[in-house]
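Next up: some structures, all given as structure tokens.
The two complexes that follow have chain A in common; it is paired with chain B in the first and with chain C in the second.
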Partner chain A sequence: MVLAELTKLRRSALWIVAAVLPLLTVITGTVNYSANQGALSAGWTSYWSQVTIFYGMLFMSTAIAVLASAAWRMEHRGHNWNLLMAVPARARSVVGAKIAALALVVAVMQLVLLLMVVLTGKLVLGLDGFLPWNGVAAALLGIVAALPVVALQSVLSMLIRSFAAPVVLGLLGCVAGVGILYAGIGGAVPYLVPQALVIRSLSLGGTAVSDAGVLDLSTAAPVAVASAALTLLLWALGSAVLSRRDVR
Partner chain B sequence: MRAAVLEVQKMRRLRVAPVCAVMVAAVTALTCAGLMSDSARAGFGDPAAQPWETLLLSYVLVSAMTSPLLVAVLASRQVDVEHQGRGWMLSQVAGLSPGRLCRAKAAVLGAVLAALVAVQTSLVVAAGLAAGITVPLQAGIWVRYAVCLFLVDLALLCLHIWLAARVDNQLVGMGIGLLGSFCGVFSLLMPPALARALPWGYYAVVSPVAMGEDALRVITPGYGWLAVFLLVVAALFGAACHRFDRTEG
Partner chain C sequence: MDIITTRGLTKAYGSRTVVDSLDLRVPQGCVYGFLGPNGSGKSTTMKMLLSLVRPTRGEISVFGRPMNRETRPGLLREIGSLIEAPPGYAHLTGRENMAIVQRMLGLGDRQIADAVAVVRLQEHMDKLVRAYSLGMKQRLGIAMALAREPRLLVLDEPTNGLDPAGIEEIRELLVSLAGEGITVMVSSHLLDEIDKMASVLGILGRGRLIFQGTRTELFHRSLPDLLVDTPEPERALALGIPAVRADRGIRLSGFDDRDTARLVRQLVEHDVPVHGVRRVQQSLEEVFMDLTGREGLL
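Moving on to the complex of A and B:
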């Protein structure tokens, strides 16, 4: 099923979004870092923070929303929905395969970002050494934290035929995530909003957000556990909805 | 006029009002988030702390970040129904050419954008007053910025309507909206010449405040550049609509 989903995405323009967004992120982050070297502390951590500040807050989650809408759009076109429902597979397989395929696209997007940061840091900015392990870990944790956003947007795009409406709802989630981050809301709330998990994971260990916290096992583990639990919950929810009602 | 009324009726089923309400709430919340901090509250009565200028700069940044997405969403929803329901052909048979249909969509969505910008600007100012800013408000700057913001939104709306009508796959329009949103934010940090070369850079061109050496400066927005941009977009949109009327399929 996952291979079938990837085949459907093979010629899709969503790969362009997955490649261009990290590229723009790195270009703007590099320009910002170069222009403000007097105000910013030098080094990889500061550079990584400049690259990921807006990307983590808004653009990664919104890009996932656009990618999910694009992945489900083909199923809502013509008679494809009837064909999909006639596939001899359980609802959980259909929903799970879509989530897995989208997660792979997001992983590629994140790896492109990481590669571009390393290349630009070394070749353009001439930074000493290498991107610290916590930058690499934050990028990889970002993939895990993006899974519930992928699941949520996939379920929304499955239920809503419109391309743009799930993106607006995703944007609302980003605003909630930014609000949770800046208001310093503690407890379980930051772990229940998928977009807040992405913002938290990419800001851990950085210098652009005050009170971001260090990246270690005690801060990364709750993000990873909450992401896994939310993803499973949203997958189950999507499967239950799909097996019980038709999407019109 | 008949075309515009039809577009309004289509809008009712497209839930444009809730989409706009969500966007207004998002912009107001993001803009006013800084008003809650203790350091900001301490300067609410001190003109030297520039509370209104700080709030306006925050509004400029958030608008540049969210407006490209909003415009892409509105254009995509209003045009996608024509692709999905074969509306282009049906309208043409009923005497409404595709170009006229696009112009009607731009007019109706433009009116929605005007109302949206007016409401969100009023809400941001009201939030500043409610939070306790006692420094006198220079309403003229806010009104001029709101008008300029609406004009930039309207120009981008025309481009997105053209794109959504031209390319059936809405991923293209939404993807460009997303990338435009990114360019919008960073246009505030770009060299002015580069900002003027990008459609989303005009969110920076119309900004009435800028970062100075150690304080915010009230500046004159690039009205001349904005006028040129609007004229170019109007000419392009007019030519595109004319071409839609003459192209089959």
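Moving on to the complex of A and C:
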């Protein structure tokens, strides 16, 4: 089922989103870094933090929402639901395959971002040395933390025919995530809102958020565990709804 | 053996019942023509048979096994379907669309190649589906349904939008598939298209099954008008017989065999010369129209 989903992504505009969004992020981060050289301490950590602050708060989750809407639009258009639901597969395979395919696109998007950051840091900003390991680690943790957003947006886009409505709901999630971060709400709450997980994972070890905390096993593990649990929960929820729903 | 049987199959959306207490019986190896006006519940019924839509009430059995959430993956492996309109991913080529089906169903290359060959679409496989004509999309949809080498094909209006040559092609294909032992259930709102290929007919009107059986049985079910040839129709009408003037006599509706005998006796008793009594030859269209209450079908 996952291979079939990946075949559907051929020649799709999804890949443009996965390439253009990191580019926009890097441009914003680079401009921000260059314009605030006085306020920001120089170096990779500072630059990486400027890139990921907006990316984590808004761009990444919004991009995932757009990707999920685009991926499900293929099924809503025409009569592909009839095809999809008449295969001898359980609902969990149908839902899971789409989440897996989208996760792969998100992983590619994240790697493109990492590559662009390194290239821009070296070639445009002329930074010394190399992006520190915790930048790379935060980017990789970001992929894991993005999984619940992928699952949530995929399920929303599966249930809602509209392209824009799930994206708007995703944006509301981002607002909630930023609110949780800045209000300093602690405990389990930041781990229950998918978008807040993305914000947290990408700000770990950075300097843009004052109380972001360092990136080590004690901070990364809760993010990874919460991401896995939320993803499984949303996947199960989506499958349960789909298996009970009529194909209209 | 019946490939599909349903008992009291019903679907209601709120207070609106779209399919009402259907008892379908689709015999093995036949082409089953599922007829009815648009909106009569054909698609909903077919979707219930494929478990795309959950029945409100009633039971479905396919290949002698009940169709439900647990059994559906096993049963769907042997059912090819095309519902409402041909599916397909427009931004992909025909080949890529077939690859999706192949991967979803775990099929071999040969099964895909055979299905494409049957619908004669080999030359167009590298074209984007967006550029396909409606006929080509229909054929691709049928290839998708055939690829799993099904025992049962459920096709919803597969000839919709096709030109007469395309319709003939699909018709020949379905008849030949039935010849190979595949049971084909095919719906249409056009009697003419179904009549030439179906050996068993099911007629749906406003969600209810108003007829199910062979073509011959369908003719028996309806009561054609009676024509009485007489040179003196005015005298016959003066007797108070519920008739209208016809070309060479009078014409009567709804007269069964017993009514006919009584009528002839009455005419003879009153010395009205009877030169002949015969039934009007009805076309299948007229029979169908009578059964479905003339809902403007054809």
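Everything below uses one rule, namely that the second predicted complex is superposed on the first by the 246 of 248 C-alpha atoms of A that agree within 3 Å, B and C clash if a C-alpha of one lies under 4 Å from a C-alpha of the other, contacts with A are read in each partner's own complex, and residues count from 1 in each chain.
Criterion: a contact is a pair of C-beta atoms (placed from the backbone, for glycine too) under 8 Å apart; a residue touches a chain by one contact, two chains touch by 3 or more.
Predicted model, so just to flag it, every value in this text is computed and none were measured.
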Contacts of A:V175 with chain B and chain C, given as first, second, both or neither: first
First (chain B), second (chain C), both or neither touched by A:L141: neither
Chain B versus chain C as contact partner of A:S12, first or second or both or neither: both
Partner chain(s) touched by A:L3 [first = chain B, second = chain C, both, neither]: second
Touched partner set for A:D246, first chain B, second chain C, both or neither: second
Touched partner set for A:V20, first chain B, second chain C, both or neither: first
Which of chain B and chain C A:A164 touches, first, second, both or neither: first
Per-residue touch tally on chain A - higher for chain B or for chain C: B
Shared chain A contacts, counted only where both chain B and chain C touch the same residue: 12
Residue numbers on chain B that touch chain A, as the complex places them: 14-15, 19, 22-23, 25-26, 29-30, 33, 36, 65-66, 69, 72-74, 76-77, 80, 169-172, 174-175, 178-179, 181-183, 185-186, 189-190
Chain A-facing residues of chain C, complex: 47, 50, 52-54, 69, 72-77, 79, 81-92, 96, 99-101, 103-105, 144
Residue ranges of chain A in contact with chain B within the complex: 12-14, 16-17, 20-21, 24-25, 28, 31-32, 35, 54, 58-59, 62-63, 66, 69-70, 73, 162-165, 167-169, 171-172, 175, 178-179, 182-183
Of all residues in chain A, those that touch chain C in their complex: 1, 3-4, 7-8, 10-12, 74, 77-90, 243-244, 246-247
